[in-house]
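Each of the next two complexes has chain A plus one other chain: chain B in the first, chain C in the second.
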Partner chain A sequence: MIAFLLLPALLLLLVVFVGPLFRYAWLSFHADSVVTGLIAIPNGGANWLRLVQDQRFWQDLGQTLRFSGVSVGLELILALMIALLLDQRWRGRDVVRTLTLIPWALPTTVMALGWRWIFNTPYGPIDHFTRMIGIGSLNILGDPHFTWMATVWADVWKTTPFAALILLAGLQTIPVDLYEAVRLEGGNAMVCLRRITLPLLRPYILLALLFRLAQAFGVFDLIQVLTGGGPASSTESVALYAYWNALRFLDFGYSATIIMASFILISLICVVAWILLQIIIPTHSKSQAVVEP
Partner chain B sequence: MIMNQIHFLRRILVSLIVILIASTCFGLVQARTTESVSFLMAAPFADATQDLVKQFNREHRGEIHLHVIKGPLETEAMSDLAISSLLLGKAPFDGLLMDVTWLPKYAAAGWMEPLEGYFKQNDVDSLATGAREGNSYNGHLYRWPLTADMGLLYYRTDLMEQPPETPEDLVEVSQSLQKKRKVNWGYVWQGRQYEGLSCVYLEMIDGFGGDWIQPDDNQIGLNLKPGVEAAAWLQGLIDQGVSPKAVTNYAESEALQSFKVGDSAFMRNWPYAWAELQKSDSAVKGNVGITTMVAEPGRSTATLGSWGLTVIKGSEHVDAAVEAIRFLTNDSAQKQLFLKSGYTPTQQSVFDDPELLQQSPILAEFGRALKVVKPRPETPLYAQVSDVLQRQLSSILTGEQTPRIGMDRATSNTNQILISAGDRP
Partner chain C sequence: MNRRFLVGLLLLWSLGPLLWQLYTSFCSDQALTQPFASIDQRWTLIHYRNVLTANPPFWRYLVNSLLVGLSSTLLCLVLALPAAYALNRIPCQLSIMSRLALVGAALFPYVLLFLGLLEFARGLNLGNHLLALSFPYAALSQPLAILLLNNAFNDLPPELEDAAKLEGLTLFQRFRWILIPLISPATASTAILVFLFSWNEYPIALTWISDSSKLTLPVAMARIAGSSIYSVPYGAYAAATVLGSIPLVLLVLIFQKPIVSGLTSGAVKG
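== the complex of A and B ==
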């Protein structure tokens, strides 16, 4: 009976997830582009061979990993701090809780367009500020050494509230008596955080991490609007490259190959991230050790 | 009382049904005689042609009804939408307003109806010379131009008597104005890694006497002397401080901003910027002149933009669609579009209209620029070819590589693309 009730969900998954995945896997072994008249012709592993030799793909992959790693790392740290703050009782907390969601609620393209003018040299406020304090013009969006940091910054600004929301939900499931017990044993706030909060929050951290990693790895709209992948291709992401191959170059075979490769990679990354998290934060059962006086 | 009400309601119901049936029948009769045609256009064009479409529908009442589907604002988003619907097979529109660079790709994909059976030689002859370019592929006419678009050099008439003509002159004038602190920057242009950069470069490589892809032997000209010179000149503008370093992320709007507030002496932009610079928030209103891009004597070139209407293959209303295209591109429509929205005309007769010239003397400058237009390489693989050029140019402009190395790479990458697509022996 339960299996029967799950059927609609299962069908939906098949249609929107499994179906396209198989289609892409199939397409990645075919030449299907404007050159073949948009007809799929089997070409063995030629697409995959091209991918392995494609310097641009590996450069984009490196850039995407750098972007995802740095921005998700920063987001989780900031989100934990925000969630801890919003979990405390203080006047005006509810108003602030609502306000923190605003960046996340804004459409990415709108906010990316905003950042493009904020980072603009010389008319943006950031350039104005750096010149005022004597650093001079930084040319943030025009210098390949800075631009990727600007994309990370814009992403952190936008998606930290999302991670904070998940962590806040987790914090609220932790019973207050646990903290009181630690206090009674003479433990301070640091002990509370290390022994109670972090271990009990782990499933929520994992959830936020996986959500954000998958999202950051597929970053597209932010980059497309903010930099278009430039300057000197220093911010191009794998998703942007796949999109260009499909819709600009009409090379669907190769685009499918890029998408399959990044699907495999992101699955691997999520598994690794999960294992790493197990090591960094010990489970609750192991952390029941005596609180030191 | 209640019975009365029910009776009353029933009567209303019956009359409603009668009206419904009658109007359906009428509608069916109407539908049989009126041919419905739909065009997909980017939002700004859909807005600009609104009045014309109303006019067309008034004049063709009972015969053709033209419906314009309003697409997204940006060119790239527009292309994505059109391609997505065309890939699905039967597109939900009969005509598409198309940018000049899409044409070979769409034609190779077999998405467009050839129009040479409808537009004859005398029609083509009525177009301004520059507007005749970029409408055909492989000997078939696929597109009829709605508005022309070309790269222009904007300059400040309050800072100089005559605009510079050669690349060296532009640098010299800029530097002397910067030295006198009249402007912060000499020249602003589109240096961001995107299609605009290819357009800027095309004007320079031609200006130095070269070709992106040589017309006679189809060889890549990027790493020949003029190609390297063009890249080095653009990079030099940044090095010498004539252009701001930030120009490496400038698109049209950023360049316009710099010029509009009076920070720059020169700007490269499209005709739309003219109307923007005449608005009341423009600090340079009344002090702006237009000319063609600097170049070695006699080599001045303007990159061809231009939008035109096409008919989608498989449309059941080709005749009606052509009728609508003729209406939207005739002389009076073009005059209306020019006066209301600043769209550059494509019909020669509009450029020669003395009344219009008196009303808007700038039209003469647009007409002069349209005479020296140059289309970008006409290949279905243009998007790839332009993409590798943009990548290498952006690396050159940001100082990551020298012009020589960058243009060598751009050449070998372009050859690779063309060879692997079977476009080269």
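== the complex of A and C ==
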């Protein structure tokens, strides 16, 4: 009876999550493109060899890592600041909290189009601003030095509310008397943050980090609409490259290889990030020492 | 004072880009090129008229997205509710392991699945069927939905169901008359999150649907954007952005409580 309740969901999950991964693993050892008439022919490790030598893949991988690292880092710092602000009591707080959620709820492609206009040279407000303060026109979406920053900006804008909400949920679980105890012992706000807030927020920071890191690594919608991967594929992500290979070059075997490699890499990155953060964020036991002399 | 400044900054950061789109959408083409100069004929509704009378008209995409969103949410809940209930009634270790697997699946960047799902759609001839998108959408939101609903079932006192069992209620009756009504807040949160996901989803809709009258809103927006970054009709874009944002802004304003509680309980217990 119980199995009967679980089975439909389990089946759907297997088909949609596990099925494609096995298919990629299999396809990555086959040639399957227009050249072979879209018929899968085993080609040993040729796809993987090509991947290792493919400069564009490694460039895209570097760009994706830069995008994910910078954007998730900025986002967590910003989210922590917003969460601390929204955790205090003041009039109109609930309204502000709702309004800050709006960027998160909008479809990525809708605002990617909006950002294209905001970063437009010479008509967008950012360009007006840089010319006004004397930096001159930066040509943000045309200069590879700046375009990736524009993608990070747009991503941070959209996803910070989500991270802030998770951290806020964490902040609200911290008992107020802990802070009072630190204050009584003469600790200032900085001590509170380092000894109480951060350690107790740790599981929430880890959760937000892992989730956002995995999602940022798979960035696709934003890049495709905002820059199309350009200029000169300087903002192309691995997901976008896999998409081009499948839908534009019709090389499914190689596309599957790229996706498989990305999947393995992002799993590794999440594990490494997890371990690193375990080390960086001070643990709970140290914070206890402050409270209990 | 200090706080008021920070809150102002936060609101400007969150809403500024949207307001800029709103402002742009009412600007005539001539005014667009000089956003800060004073021009006689600055205000116009022509962009909205163009977008709404285009072929297919813009509201078509909104209707398409609404249909996909509703059917995906329904399918997802129908599958996730029994599964979330059953997850508490299997051996403990198996249950913990399945929950871990679900968290992993929820974290997974689903965009990587597009190729496998595309082949799946081709094999079963599901391309260009709007409602067929509900299958991948319901499946992709399944991990989060099961976790959220499972938390809700966990919070119910077990005596409740035992009493109902003694009264001779069947599993279906207990489900229908006792359990479902009690976890309706969690179901509402889940439903809204699934709906938001389905409404916003892009890569799969992009690869499954090519017929221009069947596009969902995100794909239609991207297609309006075309391929060129230069010399594009930004007034029309801005009008489309505003029209595409309104339903979601309303959704967030109306349902902010279940949205927040859904995301939060996912984080606190997940």
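Some observations on this one:
Everything below uses one rule, namely that the second predicted complex is superposed on the first by the 274 of 293 C-alpha atoms of A that agree within 3 Å, B and C clash if a C-alpha of one lies under 4 Å from a C-alpha of the other, contacts with A are read in each partner's own complex, and residues count from 1 in each chain.
Here is the rule we go by: contacts are C-beta pairs under 8 Å (C-beta built on N, C-alpha and C of every residue); 3 or more make two chains touch, one makes a residue touch a chain.
These numbers were taken from a predicted model, which means no experiment stands behind them.
Superposition of the two structures on chain A shows chain C clashing with chain B.
In the superposition on chain A, A:170 contacts chain C only, with no contact to chain B. Once chain A of one complex is fitted onto chain A of the other, the partner contacts of A:162 are limited to chain C, with no touch recorded for chain B. When both complexes are overlaid on chain A, the residue A:38 reaches chain B alone and has no touch with chain C. Judged by the touch definition given at the top, the superposed model places A:247 against both chain B and chain C. Applying the stated contact rule after C-alpha superposition, one finds that A:123 touches each of chain B and chain C. After overlaying the two complexes on the shared chain, residue contacts for A:100 are found with chain C alone; chain B is out of touch. Comparing chain B with chain C, more residues of chain A are touched by C.
In the superposition on chain A, contact of A:230 is made with both chain B and chain C.
Of the two partner chains, chain B is the only one that A:137 touches; chain C does not reach it.
In the superposition on chain A, chain A positions 120, 123, 141-142, 227-228, 230, 247 are in contact with chain B in one complex as well as with chain C in the other.
For chain C in complex with chain A, the touching residues are 3, 6-7, 10-11, 13-15, 17-18, 20-21, 24, 32-33, 35-36, 79-80, 82-83, 85-87, 89-90, 105-120, 135-136, 138-140, 142-143, 146, 171, 196, 199-200, 202-203, 207, 217-219, 221-222, 224-225, 227, 229, 234, 237-238, 240-241, 244-245, 248-249, 251-253, 256, 259-260, 263-264, 267-268, 270. Residue ranges on chain B touching chain A, taken from their complex, read 79-80, 83-84, 87, 105, 108-110, 184, 191-194, 244-250, 254, 257-258, 380-381, 383-384, 387, 390-391, 394-395, 397-398, 400, 421-422.
Within the complex, the chain A residues that touch chain B are 33-35, 37-38, 120-123, 137, 139, 141-144, 147, 227-233, 244, 247-251.
Against chain C, the residues of chain A that register as touching in their complex are 1-3, 5-6, 8-10, 12-13, 15-17, 19-21, 23-24, 82, 85, 88, 90, 92, 96-103, 105-118, 120, 123, 125, 128, 141-142, 157, 161-162, 165-166, 168-170, 173, 204, 207-208, 210-211, 214-215, 217-218, 220-221, 224-225, 227-228, 230, 239, 242-243, 246-247, 252, 255-256, 259, 262-263, 266, 270.
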